[in-house]
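When the chains are written out, they are named A, B, C, D, E and F in that same order, and each has its own residue count from 1.
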């Protein structure tokens, strides 16, 4: 959240957003499962102009030994933005932002995967962002969930990545790039659609307690919509034998 | 490394939770003793030492002259980093920044940055040519639980007492850094199935996920972060959010008091 | 890691070679299906997706403004890099660039650079002050054999469809990047004792050395590379060189067709 | 030693130094043992404006295996300057000076710790400089000695870190920052107070053989003074149960 | 190959090259075996003004375990240019060009060393370029071959590193620095002198199929000449007991 | 890695020390044969090769144009680094600079720098704009003991024979680098309980601490360093200091002789 760019207008006079969406309307989402032949499970999520691909490998023996856990699998997540995924090229290599997102995404997925079924093993989840337009971490979580399901990894629920935010003192669902750059707050969360629990939570900017409540309400609504698309993608994969 | 969390510690923490108490006798929303000292480091332009139970953290502020980014010619910059060096505890290992230290630094950074307490325009010296870069470095010397809150407190206290070393850089007279607000972090850990405030090292070892909430002077949220394995419900969040409000008011008073000294 | 190449796979590949066939039924110089898509990535100024059998590769082109090297004030620069990230397959591990990824990037880079298809002088904006730096990044998403050819094809296709983002950098109007030629790579792997075109992942696992040949529009050689353990004779090279000529003509047509769309 | 700054006056007309000290007078030193609850042993040394903290962990199993020694413990020392410890901020990370100091400090400590009592194990010594005003490596050695004693690690003697140097062709004890910057030589040593042996030795600048002798004489005198303060700190720790 | 520098003249009117060589004439080569006392085998190759030194250590146990091969030795090659080996100093450390040359050189040597005789072991080959004047990778391959022989490692043939190229539309043998900088193509290969097979192949620039044939012809001729010098060096070593 | 120092070697070294001799028959203060060659590397502006027993070391000097530091506008810079690459011996491993190589480079650097033999002002070309940066790189090719002295000798010999390549950089005519003095290092290793001069590889393997002494032309100390585990007495130091004085005079003559050639 950069804030402070008060002169950029993000809401039209009729209350709609620059791209015509309503405040509680999300960008178009499409999902395809089983897109990468080399992976044990995979998915591609297109969310607005974001493109996130996730590959799952495993469960496999955890190497080196010191990362093994006696009573469960470890989930090794790498969230990575391709060099050409952003307006300014990103240099490959170490990146503090990616490391943090990888860490909290891994912890979220560990909260739903039945890790205790695979002691001493490792499940690798590779999230690659091919195109970024605000909201990549959420698209990545959604893609990872579908890829895990595609790989046949048992989970107690899916996680749906969604975000709401605040622009011009108004809470809106699913910020796009301009709204993210010039907006006032962003609240990305990972929601378990069946239990209504939250496995992923970040937020920055400025939200009053009431605004937080409304943003979360939008997030839960969107999570249900995306969850349906996830389920359809998996059904198509098993029915039609996609990829 | 074999699993470090002994199942027995978890059992004990569950039992204590059922009895409504904690491993060190505290209540669910009771914090450990906190002490805060500022201006404690020669060479740092602002500094603070925080002791929370057995956790000890230092923060130091340094300034440098920078050329502003071309698209923001009148804005200085703020950077906050945390090092979790091996001095902090037996479990810490040398090496490149761990995901834990990156998360810690970035969560503290976001809390301060997003509160807007530093007006980047106020760091401009000559537009397009010279601005201040403000760097807060946090150093954890002893981790006995809840380093996030200790680091957040040390960082804002060091920042609020920092003096801009303009004379040394030949750009005017030394002056207090202008800081508009006191963002404070409150962290909660799930222990024995429920959340507690200000977990100690045993509770962290046998506990689950953490939630970090940074609140501004008006009680607005400026940063949230969930860490570690685990899920929570909106109702649980509502409960800890109320506790966070009270905790942040208390710690903010402590900062104000230190400045008054 | 114990030896991954099972002796049995080698035996089977030898047997198939004697019978004049391949593990997936192809003939010695028969390639798998190829599909090429360009302009497929938001934010990249040129992009391409190549699918060769089960191998999937993306390439993206980005531009940046640079100061030219003092000894070449009128020349821009071209850089091509490949990442073999763990997404690409079970055998890939995280870490600093592997020798394999460095070789891949450099071989693709040399084929394009040495063909002369980019006139470095055409990347000059203001002599001695401002030139374009063109960066092609290749990203392997799924490796099921012969990633070299897939990467080479994606790189040149992305480059040939790239638009110079002059407006965004305030140096004129957007325009198509000028590319004079379509260098194409053809790679051969020794499998069952003889070379084959476009090896799949099983053939690579149970095979030996590779030869990578990049040819220009006139059939000239622009880059050669032998990789992995093994030797070859001049006569063997002469045979695969003829196959390479045909293969490159075919793939070059595919690039031209994509551009026509 | 930068040398060559002949125009900076470091000695007053009465022969005393800019901060009023005599040539053979050291800066004030105070020591506290047991300052870090998380460590097995710890100490804080304030030497002039220098602040050095040392933490000791172990003996513990040496990991990875290849660093193990069959007949003794290895001592793993990290000397580190906090980013805010100097006038210009220090970037965290790799640093050739710190690596060298860590190496020779570790070798010095191995010379006094009874390492043969702990085969195949490791003792970690973490030296953190919080404020630097010339003489940090010596303050660090002193702090490490006290922290090892606080951790109950058996030693055949302590090591006391002291330094003398040369300013304006005069040998002086314990250079401060200005004296270090504009002086002519620095001779930091680590002295075993009971045996009079030397376990740590570095020197740079310009010293005649006679000047070296005098500088060493000052160093031995100072070592005895600091040794008393070290012993008092450890007594306070055990009597009063500090920290 | 930089190409495009059409205004630099590399051939004289009589068809000879700037340094007086004929088109199919190579620079002077001298080789000495057994030059490094610490190594199990070593060699120094002077090729024109290039100086390449190779050291061989092993066969030794392969460490860490995961690089071991059950049925053969691995050959671990490092090609490195000394900081002072080039006109502009090279910073020590990671270098993409060196990594690539090390990889393909190692693979070439594995093609001739009887690696199956040493299962689970490692042979280290260190190639150090002390002075570079175009052609260092070839000089390094030649030096490595002699060093392996000097170490007594059994090989089914030697590898000789040679290169031809193209300048002013003329194929020439063994480019020197100016010819490499301003020429049109370079074709470095590693030839097995006894079998006539090729173990190392790289090429960049522009060569027609016919030019390639001629360049290869030159390379084979040069390989025989250098091979004789290699054999002489090894004979001197065993006869005279050099080094 | 298991302990490499065989107890037997230590025993033997102790026995030899009692008999007043050394493993290769030398006396306590006797050095091995030394040879020094300069101007031996194309492309280096100064170079030297030192052979000390079976130890072989090269040093090369390179120059670059630099902008001086703002607070020292008339001073150039000197940097000396040593690489201990795996070529040097079986025990050396690839990887980032080891503590051993850092110590080696820094001790050699200090000896040269602190002797004042390079007047940084003499490296100034245009005050505040252009100064020379002088870089000495040391490369150990074969370590059979006492690389410190070999590196120190190679470094100063390369420096004293260096030619400033002013023409190549277009800043005047090439000229000999001005070097005022010949600092020389002498190193001692405790073997069999006593110190010896110029230890070989067996003595280092079965020995203890080392003391490195760098002396200038007048016999003043410019650098001291103790390395490895062990302690020494002031009386021991006094004894080796006398030996160092003689050793340094001898090696300094060798440098002078090489220059004369």
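As a working rule, a residue touches a chain if its C-beta (ideal position, glycine included) is under 8 Å from a C-beta of that chain, and two chains touch if they have at least 3 such contacts.
These numbers were taken from a predicted model, which means no experiment stands behind them.
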Quick check on the contact graph: shortest path length from chain C to chain F, in steps?
2
Considering only chains that satisfy the touch condition with chain A, which of them also satisfy it with chain B?
none
Of all other chains, the one whose Cα centre sits farthest from chain F:
A
Could you please state the distance in Å, as a whole number, between where the Cα atoms of chain C are centred and where those of chain E are centred?
26
When centres are defined as mean Cα positions, the distance from chain B to chain C in whole Å is 48
Just give me the whole-number Å value for how far the CA centre of chain A lies from that of chain C.
31
If you average the CA atoms of chain A and of chain D, how far apart do the two points sit, in angstrom?
51
Numbers and ranges of chain C residues touching at least 2 other chains
96-97
At least two partner chains per residue is the criterion; list those residues in chain E.
none
Please categorise the chain-chain contact pattern as a line, ring, star, complete graph or other.
ring
Ring order from chain A, via chain B next?
A, B, D, F, E, C
Given the complex with chain D, which residues does chain B contribute to the contact?
41-44, 47, 53-56, 58, 60-62, 64, 81, 83, 85-90, 94, 96-97, 135, 137, 139, 141-144, 168, 201
Interfacial residue positions of chain F with respect to chain D in the complex
1-3, 96-97, 99-100, 102-103, 105-106, 110, 113-116, 120, 209, 211, 216, 218-234, 237, 241
Chain E residues touching chain C - in the complex, by the definition given at the top
1, 3-4, 66-71, 94, 96-97, 99-100, 102-104, 107-108, 110-112, 187, 192, 195-209, 212, 216
Contacts from chain D onto chain B in the complex sit at residues 35-40, 49, 51, 53, 55, 57, 60, 78, 80, 82-89, 92-93, 124, 126, 128, 130-133
